[in-house]
Amino acid sequence: MKCRIFGIDFKNPVFLASGTFEFGLIYKNVSNRVGAIFTKGITLQPRKGNPPPRVHETACGLINSVGLENPGVEVFSRDILPQMRKLKTRIIVNVAGFTPDDFVKIVGELDSRVDAFELNVSCPNVKKGGVAFGRDPDICAEVVANVRRVTKLPVIVKLTANFCDPLIVGRRCVEAGADGLSLINTLHAMAFDIDKKRVLIKGGLSGPAIKPVALFCVHRLKDLGVPLIGVGGIMSGRDVYEFLLAGASAVAIGSATLRDPYAPLRIIKELKRLTTSG
Amino acid sequence: MISRRLKIIRKKWYTDNIFGLEFNYPGLRPLPGQFLQIQVDEGVDPFLNRPISIASYKRARLLMVIKVVGRGTKMLSAKERGDQVTLFGPFGRKFRPKKKKSLLIAGGIGVAPLHFLAEYFCKHSVNFDMIYGVRTNRDFILRKDLEQMADNTIWVAEKGYRRAGTVVSVVKKIDLTDYEIAYTCGPKEMLIALQKLDMPIPVYAFCEDFLGCGCGLCLGCAIMYRGEYKRICVDGPILELGGIDFEV
Amino acid sequence: MKCRIFGIDFKNPVFLASGTFEFGLIYKNVSNRVGAIFTKGITLQPRKGNPPPRVHETACGLINSVGLENPGVEVFSRDILPQMRKLKTRIIVNVAGFTPDDFVKIVGELDSRVDAFELNVSCPNVKKGGVAFGRDPDICAEVVANVRRVTKLPVIVKLTANFCDPLIVGRRCVEAGADGLSLINTLHAMAFDIDKKRVLIKGGLSGPAIKPVALFCVHRLKDLGVPLIGVGGIMSGRDVYEFLLAGASAVAIGSATLRDPYAPLRIIKELKRLTTSG
Amino acid sequence: MISRRLKIIRKKWYTDNIFGLEFNYPGLRPLPGQFLQIQVDEGVDPFLNRPISIASYKRARLLMVIKVVGRGTKMLSAKERGDQVTLFGPFGRKFRPKKKKSLLIAGGIGVAPLHFLAEYFCKHSVNFDMIYGVRTNRDFILRKDLEQMADNTIWVAEKGYRRAGTVVSVVKKIDLTDYEIAYTCGPKEMLIALQKLDMPIPVYAFCEDFLGCGCGLCLGCAIMYRGEYKRICVDGPILELGGIDFEV
């Protein structure tokens, strides 16, 4: 099950997605057995995150609006990363910037102490009036090019399928020097409280509901020439296998861990059985 | 944390929308306020587990008392003796109640975790009184049990019961300086009302809300506490009532 | 429950979505009690549709790849429309063009014999090398403007959330003269057959899984100043109510009828109870 | 079309993965080849209903025989006597079999709709013989019943049975001119093999595939038939075998 991508060896192609496994420090026996952990989104400054409600269940999925709560790169670097380094797995830092500069600073701060970076270009771009970076191929390319200059480590861009074509954005990122792409991030979603007659939550949809969309996106980008990491609704080894058929080199498990923190171990076992039998 | 697939060894309806499930769960070492995440269905819809407090744990017998309020609890209520259920936990921080004369204030289904606290007090020989309010006289549950464990009890119902009122109206009338500490669990409106009373003793609330993972992974259960967001599932569910900002 | 939009009275705001209730002729007792029926997509020429498999179940939803099978505007106009006219409901023709000209021709052929048109701009644009019209605000606006010239009937544009921002496309459509917008169409999706190790289906995702995305999109467009028709995953009166809170003036029921052809009647009943009680 | 929520009055396991459900369903007037859409679960996952043929209908007692092949049939197999199930239908075109000496060719679970055809033939005094092939001798179901109804029967199994082989190998050997017409139901591979035999009599196939609505609304069940797409659910499921293009 070993897998070598970006010139790095991973013990298996099952990773933990950003934001759904904390920093891997709560269930270390899971962290130690996956190929890699994507940290939650790290911003330059600490962030309190959004007011509740932050999660809401929907049909075969959930909407979250955590709002990038995190301690900021300084505390992460000083207090959390040293603990993560003791885990027997690869660490990929999910870098969340609000300006192109943020990305460079965060990556610069952490360079050489982690295994790779995942650029989370889904945050609203403060410079561009709040429109998400991820939808703008030019800025994405700029961010990648800038980050490329400050690190030799693999740079992965996490693409969104919201209101933009990940193929167009992804291609530009690769041209600008991205080593890989991960997709998809959550889909824009809402729910309403019909008793109180108001918005209940506005956030990102994840879980099995979005798996078919994620598979489409991965398949759409399969010929870009860089490794793809498939994310979205993976619950079983069969799901992983679908992503591999779609063109992914590895996958990341997100919401599944909210239902069962040990799900990744089961998924690895199921995948092993599938790949050795067939 | 461990996960267990356990058989329901007993099911009981207390009222027309509150039922209890009992499991044989050796080796669980729960503390008051702790809860389990129950998987509603093996399928992925509903997707999330439901947090349910430990209401009783004696000689490896675990009791959870559940009120039907929505789809998940409705589906759970269809489970019968002999059915298997997957439980994750126990979750919630390790809170060890002080051995001081205590007042327990329960509203509605909030009585469930306080029942386990009462058990804990009995075991550790802590004296306590209890106030327990419900909507109508048919909504009381675990009453005899609680009467046996508490030194004094005040039962109150909004209607249909000899003592009419709410726990808040009772708390207002009693002398709180008889107690060194209070614990409460109930609907949000009740907690807000109690908070406004500004009671002269420390009050700990057992918070309930919609959770994501229940175990610290997702940051989905934020509650504004003393100026910062805390996670109900791992920093709580027991928090000091005065510190909670219900407006956020 | 009466509702007046586009200057037309509808007996209630629950319509039947395009492609999931045939031409309303199979379950007439349902057709007769809804506010309106959107026909399946009508193209200029008859179309055989796609080879099987055409439907595949996913988590809380399904992927379809029917491929616009339909008899073409001529046969529709001659053989089917007269039968539909006998139904006691409004008829909105879903017009599916592969070139901007197609739309004008189809609308011209049917004008004044139906109650409104819904422009299905999701088909791949043959002139533009197969990229869907729906993603291109310029062409959408052009199509609307051209159609506007040949009909006085209400013109609704059915928007997609696939790889484009429905707000941008919708705004341009309204500027070009659209009377209303319906959204969303199915989401691009795929599934793989892991036994045969190949694509199982590539098509559009519908059903409860996409409801949160549809609600987000409707809410995003709520201030465009034209009536919105919410579509996506509606299964109950409560779901309808959520769409109304999001900003829709009416809704259309799609996949729900595949599970239960009578679902629209139940939904109308549930909605009635909700709106009269609250 | 009507929908009915009916109680399972009997459940029976025929083999380790084929079971039967019986319902009391007065007023149903089914024809051979017709089927019902069974709602797997009240929730929306799985989303689609599952088409299951009418295997028997006698004195208002409806029997459906189901093979567990995936999630939906697995979930259906967990239902027990007394459980309620929602059924839609009957669906499928009104096909009235000719009163001619017939040959029935069943493969595996394909025997279910042919069993009902056999009942129909008995009722209408039509003579018929039957060939029924399965994988192993443990897979035969409804055997006695069929033996009673058919004039002659040939049972065959790929292994573990005295007569080894497949229905195709049997059909190759017998004299088809003894019959005026044939009906067949079974796995796609079997239908393709039968088609290649180019039998000298008309052969009608009971087609099975994944459906959407089951009732003509969605065009999700296309099958290429004599140069155009037909809907299995309303134009079929009974179609002339020779007209089907299995390559599309």
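In order of appearance the chains are A, B, C and D, and numbering begins at 1 in each one.
Rule of thumb we're sticking to: a contact is a pair of C-beta atoms (placed from the backbone, for glycine too) under 8 Å apart; a residue touches a chain by one contact, two chains touch by 3 or more.
None of the values given here were measured: they were computed from a predicted structure.
*Asks:* Which neighbours does chain A have in common with chain D?
*Replies:* B, C
*Asks:* Rounded to the nearest whole Å, what is the centre-to-centre distance of chain B and chain C, using the mean of the C-alpha atoms as each centre?
*Replies:* Taking the mean C-alpha position of each chain, the two centres sit 47 Å apart.
*Asks:* From the mean C-alpha coordinate of chain A to that of chain B, what's the distance rounded to whole Å?
*Replies:* A distance of 36 Å separates the two centres.
*Asks:* Just the number, please: Cα centre separation of chain B and chain D in whole Å.
*Replies:* 54
*Asks:* Got the chain D residues that touch at least 2 other chains?
*Replies:* 44-45
*Asks:* What positions in chain C touch 2 or more of the other chains?
*Replies:* 58-61, 207-208 - these are the residues of chain C that touch more than one other chain.
*Asks:* Which label fits the chain touch graph of this model best, line, ring, star, complete or other?
*Replies:* complete
*Asks:* Using the touch definition up top, name the residues of chain C that touch chain B in the complex.
*Replies:* Checking each residue of chain C against chain B gives 59-60.
*Asks:* List the residues on chain C that touch chain D in their complex, please.
*Replies:* Contacts found on chain C: 19-22, 26-27, 40, 48-62, 64, 66, 69, 207-208, 235, 255, 257-262.
*Asks:* Contact residues on chain B for chain C in the complex?
*Replies:* 44-45
*Asks:* Which positions of chain C touch chain A when the two form their complex?
*Replies:* Spelled out, the residues of chain C in touch with chain A are 58-61, 63, 135, 161, 163-166, 187-192, 194-195, 197-199, 202, 205, 207-213, 215-217, 219, 233, 238, 241-242, 245-246, 274, 278.
*Asks:* Would you tell me which residues of chain D are touching chain C in their complex?
*Replies:* Spelled out, the residues of chain D in touch with chain C are 1, 3, 39, 44-49, 88, 209-213, 215-224, 228-229, 248.
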